[in-house]
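Chain lettering (A, B, C and D) follows the sequence in which the chains are written, and residue indices restart at 1 in each chain.
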């Protein structure tokens, strides 16, 4: 299968649904090892992104993702705003000109997104940040050859779960040092919802 | 009987004991219809007055009461400081030259104290203030002809109890208007302890 | 009781000492007292301005000691009026020959102690005049009205008048004009705890607020469910406007925090107050938002409105170098 | 949640609007943003100074907008860094041709968003430089140290330098000198509640305090039983003195309240801090006591120490008309 403009728009919409539904849970995660606003930030940003996309008719996936990126950048704030903004912007750029989006192009776009996050956040894998989910998903996409909703959702969940045992060395959670162990990283949780949303779209064959 | 210098010093000391023992109760009364500092204020003032008196040897009751007055004036603060200070100062002035103090002189001194309180506080009887206790005691002394600890203590207690049914129209309790009904006036309670202390001294024949 | 203190009975001494040390370039403490005075006091031929009252209302009153405002502030125990001997020391320290002016808040304790101090000063041949501030419209009976945040505007304007060389009578009549034209109204969400008492001075349920409360927790007009900032602003402002006719006037507005209310909330209230005043044809010349007259860590706010004429406007805008007053 | 607000999601908009209306003689809000700017901005050939960050730290940052300090402040959502587009608006509004200087607190969110804004501004041919303040010695790793109350001293000194006509490079190197020489350490007794969250951001038992906590409730060094003000002052000051050698130096001291700690308690702490510094042969040139960098209604305080040379001393003493800074 390939991703159509409608699929990509549905992805953002479904991400928003999941984030709204888990807004309080995300905030609780951020209260444990951060400042308790992650759910609020993400819910605000994805709400606006969904609204923006619903108001427009798009002819390219890249355009959907670019509007998503710009909205997240200007509405989320905090550490996660520029990082998610960068991730979607890099993905958008990589997808430009491919319509519908084939698997390989998307996998390459994810790699670009990961590089963008790394550069912006000066983080590497294992520092207990949203990068850990994006990076593991990019690697998974690189290993595989076609979209598989089931496996992708599993991969996202497991990547998120794995942050639980890590010691945070970036972002607010790093102030907790070893005490950050045992808590899921909030940004990884919301990243996992984003990939689960994509999995839903793929499974639904939308 | 007549009051000696030792009796008068014992009066202040016993007043202090009673006030210290009831410090929290007085504060509770003031929390209900005031600002919750009456016990603290009185305890601070009488502690200092007792200390001052203990440090000195006195040859006149008037001198004991004058030092009491000045100490209360400079250590109690709030509304009650100047009022108790004035009461003891007027009493002291009236007792000057009478040693030991006979009943009539003391009764006259109480009347002066009442006038002093009225003038300073611009209050009259029935406004639910410490004046109500001092005024009722002065009237009682005027009716009777000799010191009687038993009856005097009863009179003080009943005067204090009567403030419970009054509506406050002076001091902080007046902000509560009718809601001040049902609460004993804190300044009346501490005044009652002062007269009970005098009753103890008289009963003890000290 | 969660407080950063040492001995609950020494809080006032340690606070005044802390102030004097922190701001020694400008202020000092009179030895053996809790009086904070300007380093340049007494100023020859300038009327000395003294205020004070119970502690726990910081920055009132020592925060307003400085050029253009008070010459000295007398700090009593927490929520307890200072004693006449302390007030007398302040009066003596700031008398530069032109007399001393006392700004007293209308509480029995403050009035009695300042009155006695004035008598003692007069006995020492110092000319003393005073005003009693009663801006709190929560109390119906005008003679019983409490002095609350409006007091700070009296400090400012009387201080400026004295600094300009006004006589004792001038300062008094200007201060009286401020008092005639100033009204305040407050409310609280959470009580405070007097250190020596150790327990909150009153209780408010999780969903309750008290309208018209005094700055020591004295009873207000009504206890009811918490409403929005806009409703609260409206309730406080309406009560003030119902008491005094400000329509068509130039005014100064103060939105004052009682201790633990964030500036954020005060500005949200101020936002609505300004809108209400505009709707009522009242012009706002100057706005003060912040903690000016607190009640320890009480949560809540008060709104103050002062009608300005040209003299008051000019005096309000004079510079002041008091620590806690934004010129 | 006991707060005087309307809609928890509108607190920042209503606050900034309230500020602009209250202080319209001096400040205004950039339309469609939560940026507060000086009315006289941009000043031709003066370096524009911009700071900002999450809201909830009032008076930081908008309270420091004024002559001699900031040209504009950008308010993010509560405890959430502002976004690049808003910061860009501030930069554009204050650029008078001499470039714009950004003062950023060291939080990932603030750094990332200000960095992106700087890139956007450079794309529009505006010269931008920035510093990242990391004064909080509670964090061992220097690169992760948070920016807390010391930031205000950076605002003051960089602002004065720009006002004197310093170039973008001058302002930057002076600000860097402040950052090299400033250290802070805080503690909390009670948490605060973010309006949109509705519940306290952390819990502290009735008898507990947290040493080294951040201004958003980020974890500190140690949670333990509440001790006396003197012990707390000593713990905070010792940690600072252990991190940087202030001996023999002239310094500025700031004792900052986190939101609901009465001035009384801050002065009691200040009193002890001064004594400790004197014992250590450290000379205090200037002391600030009050709420400068808060954390909504958190209870607690921080101590900041800045080593002064002649330049810093002179710049610190320059006048400022910012609402929340006592010149």
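Criterion: contacts are C-beta pairs under 8 Å (C-beta built on N, C-alpha and C of every residue); 3 or more make two chains touch, one makes a residue touch a chain.
Heads up on the chains, UniProt names are A, B = phosphoenolpyruvate--glycerone phosphotransferase; C, D = Dihydroxyacetone kinase subunit DhaK.
These figures come from a predicted structure and were not determined experimentally.
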Common touching chains of chain B and chain A: none
For chain A paired with chain C, centre-to-centre distance based on mean C-alpha positions, whole Å: 54
Mean-CA-position distance for chain C and chain B (Å): 32
Intercentroid distance (Cα basis), chain D paired with chain C, Å: 28
Overlap residues in chain D, where contacts from two or more other chains coincide: 78
Multi-chain contact sites of chain B, meaning residues that touch two or more partners: none
Contact graph of the chains (line, ring, star, complete, other): line
Contacting chain pairs - touch in the sense defined above: A-D, B-C, C-D
Chain D residues touching chain A - in the complex, by the definition given at the top: 54, 76-86, 107-109, 112-113, 115-116, 139, 141, 144, 146, 194, 196-197, 201-202, 214, 216-219
List of chain D residues in touch with chain C within their complex: 2-6, 11-12, 14-19, 21-23, 25, 55-56, 58-59, 63, 78, 189-190, 206, 209, 226, 228-230, 232, 253, 255, 259-271, 274, 286-287, 289-291, 294, 296-297, 299-301, 321, 323-324, 326-327
List of chain A residues in touch with chain D within their complex: 27, 31, 33-37, 40-41, 44, 73-83, 120-121, 170-172, 174-176, 179
